[in-house]
Amino acid sequence: MDKSERYERGLAKLKEIYGEQAQTLVSALEDVTPDLSCYVVEFAFEDIHCRTGLNLKSREIATVSALTALGTAPSQLRAHIHAALNVGCTQEEVVEVILQMALYAGFPATINGMQAAKEVFTERKATK
Amino acid sequence: MDKSERYERGLAKLKEIYGEQAQTLVSALEDVTPDLSCYVVEFAFEDIHCRTGLNLKSREIATVSALTALGTAPSQLRAHIHAALNVGCTQEEVVEVILQMALYAGFPATINGMQAAKEVFTERKATK
Amino acid sequence: MDKSERYERGLAKLKEIYGEQAQTLVSALEDVTPDLSCYVVEFAFEDIHCRTGLNLKSREIATVSALTALGTAPSQLRAHIHAALNVGCTQEEVVEVILQMALYAGFPATINGMQAAKEVFTERKATK
Amino acid sequence: MDKSERYERGLAKLKEIYGEQAQTLVSALEDVTPDLSCYVVEFAFEDIHCRTGLNLKSREIATVSALTALGTAPSQLRAHIHAALNVGCTQEEVVEVILQMALYAGFPATINGMQAAKEVFTERKATK
Amino acid sequence: MDKSERYERGLAKLKEIYGEQAQTLVSALEDVTPDLSCYVVEFAFEDIHCRTGLNLKSREIATVSALTALGTAPSQLRAHIHAALNVGCTQEEVVEVILQMALYAGFPATINGMQAAKEVFTERKATK
Amino acid sequence: MDKSERYERGLAKLKEIYGEQAQTLVSALEDVTPDLSCYVVEFAFEDIHCRTGLNLKSREIATVSALTALGTAPSQLRAHIHAALNVGCTQEEVVEVILQMALYAGFPATINGMQAAKEVFTERKATK
């Protein structure tokens, strides 16, 4: 597979996950550094997210829980809560994933994650 | 629900997840501090893990990913890789969850998580 | 002790620590997720903060230092600086706890903690 | 105050906290890098630990809680559990500080901290 | 070397690194806590940054990469991106250091670091 | 560039950095998971380390400082201290990079990093 093919497949996966938001996300990254945008599309969305062996819903559950636990990337957490809902998680499932992190990363991490979830839920309601 | 009921329900959930290992885990914690053991059974396994809204398999995916990303609790990561396999994850799914963390926590976190997974897989093969 | 008793005792402890701010804190959490609010009151403030063996002042010193060192929960750090002052810490003691974190978590963690402290001190002066 | 005076005062504080272990700790650091040993004595133990405004017991409570929450320095955590006991904390107080971190850094951090505490308690019993 | 000499040498190093911004940085810290400002000048900028054995450019590369990877101090990261550029790093080198952190701390850390870099680059362009 | 070309270029870069250790490192990763080994070679060593704009010595300074500050990957830290020395850092420069992290991540991170460095220095002396 040549490089442009990786990019195209990664972009298609990104669109499958983020729908109309995909282009905005890529443009935002390109605006920061074009090469970084390229690595995110090719490595994150083609190499990793196109792998079989774990469905997209489980991949987003893994990502939402990790970003909640780390607590250092609130903007990316919100993006992945959107992604989780886009690929089939219910709002209840997202809430449970974040709540479970109280056990493994403490209450402040969970409270901040819940506030991110609430913002995403409100935003999606407004744009419907 | 009174306190002893919470403990009994938590212990039952712990046994559902860990099978024969459950008693060893509780005894190890009790040996460190009895009260801590009690909170783990009641709060972690009754209050949180008995909740509906997210199945046990997804809960363990969330925990394995968070502990891989944090990288500070290798012993608990191994316990939760066992738990994930006990509640229905395939070895391939565990590997994919850990691999995905390369994107959100970097390669060292993923490499250390993979070594934990390999140890667990080897141990389970040996005890079969 | 039944569940509602745990809640009532936890809420009483929360009011002992936060005074008039207690209801605002609980309402803010309830607004995010009612269950999370419940766990914070019951597990954090009844199970843990009602324990004997460590006085409330030492508990808040422990929390302010940990949140300063972790650096991922600025809003909770400010709440616990309020709590520390409410249960008998002087402003000087809070400053010393945060300063000490330079040794264990580095200067950026301490500088950000000091700015949180300064905001809290200013806010309390204004509302007196 | 000239540099050697800072070193002497820092070393005296270190001995006040660690007793007979002080020389072992300094030698271990000197063995790694003499300059680092010097900064630890001068900056950590003279500049910071000789400050008034917070007693040594509270300083060690702050340090034990932060190192438990961070979870990245098990050897230093054990040293500071020794220090906490040396300057007047009871074993019960140390246990409570570590237990409280379950709320702010999660159960794995607390379980690992408790195991460190248990090792220190056993070691001190053996050497009495 | 007496204490005031350490302060003067630290301040001179700070001015060598930050130019006209140095006084603003010191004043901002003094405004928070005078003692903290003093330790930053004496310990961080005299004791450590005046050491030989590593040039200032490499020191700032080390700091920018660590703060990007930790992800908990965005304001200090921006200050050190300024510092890196002041002591001879090109914008391209700063971008490469931050990009490399994708490997060791994950994409969210790198994306947030890149946004910090972009803000600094824009600010410097505007003030030229 | 097709995929196998990326792999070959990545492997060549890995050999440039690690010399005879390169094959051992790749084999160790392949033993854990072949795909992970592949991503490390292609993404870490081709996509990122083959980039121009930052020399290898500065790349290793960035990595040693970040891994010291994070404190969660001691084995990878030792590998990158080897790498830093292989691409032209002196032992003194490595020591300075790790020492500097006391400012940004605290003394425990620096002490643990220094012990890793000492182990690497001893090992290299022994195998000469």
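In order of appearance the chains are A, B, C, D, E and F, and numbering begins at 1 in each one.
Assume a contact is a pair of C-beta atoms (placed from the backbone, for glycine too) under 8 Å apart; a residue touches a chain by one contact, two chains touch by 3 or more.
Bear in mind the structure is a predicted one, so any value in this text is a computation, not a measurement.
Where chain A touches chain F, over half of the residue numbers in use are shared by the two copies, so each contributes mostly the same positions. Overlaying chain B onto chain E using CA atoms gives a rotation of 180 degrees, to the nearest 5.
Set against the Cα centre of chain D, the chain with the most distant centre is A. Centres computed as Cα averages put chain E at a distance of 23 Å from chain F. In this assembly, the C-alpha centroid of chain C lies 31 Å from the C-alpha centroid of chain E.
We define each chain's centre as the mean of its Cα atoms; on that basis chain A and chain D are separated by 40 Å.
In chain C, the residues that touch at least two other chains are 35, 39, 43-44, 51, 67, 69-70, 72, 76, 95, 99, 101-105, 107-109.
If each chain is drawn as a node and touching chains are joined, the picture has every node linked to every other.
Taken in their complex, chain D has these residues touching chain F: 29, 32-33, 35-36, 39-40, 44, 67, 70, 72-73, 75-76. Taken together, the chain F residues at the contact with chain A in this complex read 1-3, 35, 39, 43, 47, 51.
On the side of chain B, the complex with chain A involves touching residues 43-44, 48, 51, 53-54, 58-59, 61-70, 76, 92-93, 95-97, 99-105. Those residues of chain E that touch chain B in the shared complex are 69, 101-109.
The part of chain C that touches chain E in the complex is made up of residues 70-72, 95, 99, 102, 107-112, 114-115, 118.
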